[in-house]
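Data block below; observations after.
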Amino acid sequence: MSKETSLYLKDFTRGILKENPVFVALLGMCPLLGVTGFIVNGFGMGMAAMAVLVASSLVVSLLRNYIPPQVRIPCFIAIIATFVTVIDMVLQAFQPVLYEALGVFVPLIVANCVILGRLEAFSSKKPVARSFFDAVGAGIGFTLALVLLAAVREIVGHGTILGPDPESAIHLFGPNFEPMALFALPPGAFIALGLLLAVVNMLMKRFNI
Amino acid sequence: MLIVYAILALGLMGLLFGLMLAVAARIFAVEVDPRVEAVKDAVPGANCGACGYAGCAKFAEAVVSGEAKANDCIPGGEETVKAIAEILGGDIETSVSPVATLFCIGDCFKASDRFVYDGVQDCAVAGEFNDGFKNCSYGCLGYGNCVKVCLFDAIYMGKHGLPVVDEEKCTGCGLCASACPRELIQMLPPGEEGYLVLCSSQDRGKTVSRACEVGCIACKACVKVCPVEAIEMDGKLAVIDLEKCTDCGDCKEKCPPGTIHRRSAIPSEADALAAAAEKTAESA
Amino acid sequence: METLLSIVFIYIFVDNFVLHRFFGVCPFLGVSRKMDTAIGMSMAVIFVMAMATLVTWLLYTYVLVPFNLSYLQIVTFILVIASLVQLVEIVLRKISPTLYQGLGIFLPLITTNCAVMAVALLAVRQEFSLVESVVFAIAAAIGFSLALVIMAGIRERLELAKMPDVLQGSAVTLITAGILSMAFLGFKGMLSL
Amino acid sequence: MRDIIRLSLTLALVGILSAGLLTVVHGITEPIIAERQEEEYRQALESYFPGFASFETEEIEDDRFDLIYDGDGNLKGIMSTSVAMGYEGDIVYNLAVDAEGNIVGLRVVAHSETPGIGDVITTESFKEQFYGKSFDDPITANEDIDIVSGATVSTVAITNSVRRVIGVIGEEFMGLETIEVDITRVPDGVYEGSAPGLMGPIVVSVEVRGGEIVDIEVLEHEETPTYFIEAYPLIPDLIIENQHFDVDTKTGATVSAEGIVNAVEDALAGAME
């Protein structure tokens, strides 16, 4: 493996495990808790956030030498907001069901600290290719967290996977299963994430990550 | 047409916000001495407060104005002092930072418990509750208030129930000393020479020997044997004056419970665990 | 008047921004470690939310809607919030250094507080009037502050509790937040607009 | 000064680029969004009224009614869009009614009821209770519609709203006539009548003497007692005092109050000569 490839690989994997934006850095909590009622929604949110992250990180990395530091933050935010609006319109046009389910959390990607954090810490300083791999890595790490939490909440709270659409939903436990509705409600989101974090902490300690 | 409006609206807005920020930054500019920023960057930035100022920023201001000395920043050590000297362009004498030393060696094998404590995991609370769960009401309780406050990871709780100081990392800021509710930690100048009485108990000898195998029983043997009169009694506790101590070691020989140790040979975590293992092997 | 009072009650208790809507969870977890920082953050959020909603509402109603540009709302709103926060920071630093010491360090954090953005967006989406929007923003901010201050109080005690290693820190904080959210569930269905 | 200009120009440039890009994307997606929304509604109509040709929209107060016609211009049915006040907010739903006035479909468009509790209103087993019913049926909670315990507010809200909407459809589009009650034409005697309240039917007995109502008594009801006391005996007293049914029902228990008035009307309507 050439030196460059290993560098890219490091940028890429860092965001998934070692510096996972959710489990390690505790960023991007609002969409994480807000849309994880169903796996489909969590995955959609993750993809949307990743698209915004990758696109804006490429642009910021390209423009990094032209933006004066005093107006750095407003410029970054404007760039993010532009891509968020694009995603917002695209979702509304082609994925209306998902768009309805995510609701106000789509425009709120703009205030997602995962994205601004990556731009500030990485893309504004590093070349385009490395920024790309870093952004994809962080995006996957974020999506992973969303899907994991959504899986816990959907299986326990609804007893299904691939809901809420009745056509694709698979009921895991048969008709007599009484789902634990608490996990579909806001308190359940907090509690499920807290327990998930504890499990992740335990695994990380065990395997020394 | 829409695109014209859109571009006009956002362009103007961008222009407006940019202007507003730039002008505001000019009008409301706060004069900051660049040296203050430089000093702030040079210090460790732990905001420990050992310098006597509220945070590193305040300390930086004080240093630049000449109010504080560069070596007041204890965690920074020599390097920081040099860096500050460079920024301010003056010669500043360097000093050595002290090291935290625990004045108790009554670990959980040597100092016995009076009852099982299962309350709030905090030394201050545990110590208040019925005068502590140990038979010795002066010794270390082992809930690590000193560990919690350390900003430099220089102190950790050993398996023998006493905190262990990593002298390499210790910056001498003294936060641990002030965090200990029983005042067991003293800040001493670094060094390996000299002997110390590693106990803080003011109890009568009989009480101490019942509570702890290694506590000072106030027998005064060390006071009598010291050739240079470096040892004095502070109430029911022998105290060695390091300045007078000639490092002869006679006091250590005479001490019945073995409370006195040379500074280079303070019982470590490993020693304590080995001794405990030996004891269990014997009794078995 | 009745609507305004319902808005206040709903967004402080019934539809609490942090505990039921998940807006502003990051600062909620971040600055709830100590009571005094929690109070400082609360004050800064109340101030910025009210200001931001006022400005964004005016811009939306008198600039974006007449020119049919409502699809630019996300960009506009976040620009307003970011600039406003920076402006407040600059001005505050000069005019009142004491206040700046108190609130200053929290101001940059507010840009990425999605509760501010959410309040601006929801005020427009729910078609509130100007007065209603500002009241809504203040109520939402008070709701945020309430959750933050309660949490800070709990966490100060939690520090001293005995618990498994893996739960320590954020895990137990989240579970506590869950229980708090459950308590606030008791207000559900009491009022709606 | 140059600095100021540079800063503002950078921000302005970012703004302009962003506006340009967004306008282009908006131009592409907007027609798709509009078309898709229309298409979705047409599909919903198609599923209830297969083979319809056109529809015509009419708005009466806060409800929207789409009159569906087939190719020959005959009325195939009506689709309404209305809002019910649920537990946590508005429930927006479509009600599909065929040309004879029978309910053929109920579709919840948007709601914010508690997941796992109030969202039973979207389940088929709850909705099919309404199918085949018309304005001749009571459509009353606990009578011909089973409410779901634990989700009382949500299910009762839908039930009462459907009853109101189908009444409007009957009167406006199906030529259902309401009988005007004229008390002077009612012979002396005691009459019984019933009408739906919030939680079930309310049965009343009305005593008429000399063309005047002299006594009203509620014989049966299933309303929550603490609320019902707000309407009874206040409403009967008002009717007796005024001798007509146009009384102010805005009490703490508006639905119960209206139920009493309707029950009295029902009793007298059947007794007119």
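Order of writing sets the labels: A, B, C and D. Residues in every chain begin at 1.
Here is the rule we use: a residue touches a chain if its C-beta (ideal position, glycine included) is under 8 Å from a C-beta of that chain, and two chains touch if they have at least 3 such contacts.
This is a predicted model, so every value here is computed, not measured.
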item	value
Third chains touching both chain D and chain B	A, C
A-B or B-C - the one linked by more C-beta pairs in contact	B-C
Chain centroid nearest the full-protein CA centroid	C
Mean-CA-position distance for chain D and chain A (Å)	41
Euclidean distance of C-alpha centroids - chain A vs chain C, Å	22
Multi-chain contact residues (two or more partners), chain B	2, 6, 9-10, 13-14, 17-18, 21-22, 25
Residue numbers of chain D (touch at least two other chains)	7, 10-11, 14-15, 18-19, 22, 26, 30, 114
Two or more partner chains touched - positions in chain A	70-71, 74, 78, 81-82, 85, 89, 185
Contact graph of the chains (line, ring, star, complete, other)	complete
Residue ranges of chain C touching chain D (in the complex, touch as defined)	71-72, 75, 79, 188-189, 192-193
In the complex, chain A residues that touch chain D	37, 66-68, 70-71, 74-75, 78-79, 81-82, 85-86, 89-90, 92-94, 96, 100, 157-158, 179, 181, 184-185
Residues of chain C defined as touching chain B within the complex	63-64, 67-69, 72, 75-76, 79-80, 83, 86-87, 90-91, 93-95, 160-162
Residues of chain C that touch chain A when the two form their complex	19-26, 28-30, 71-75, 78-79, 82-83, 86, 111-114, 116-118, 121-122, 125, 164-167, 170-179, 181-182, 185
Parts of chain D lying in touch with chain A, wherever the complex brings them together	6-7, 10-11, 14-15, 17-18, 21-22, 25-26, 29-30, 32-33, 36-37, 40, 110, 114-117
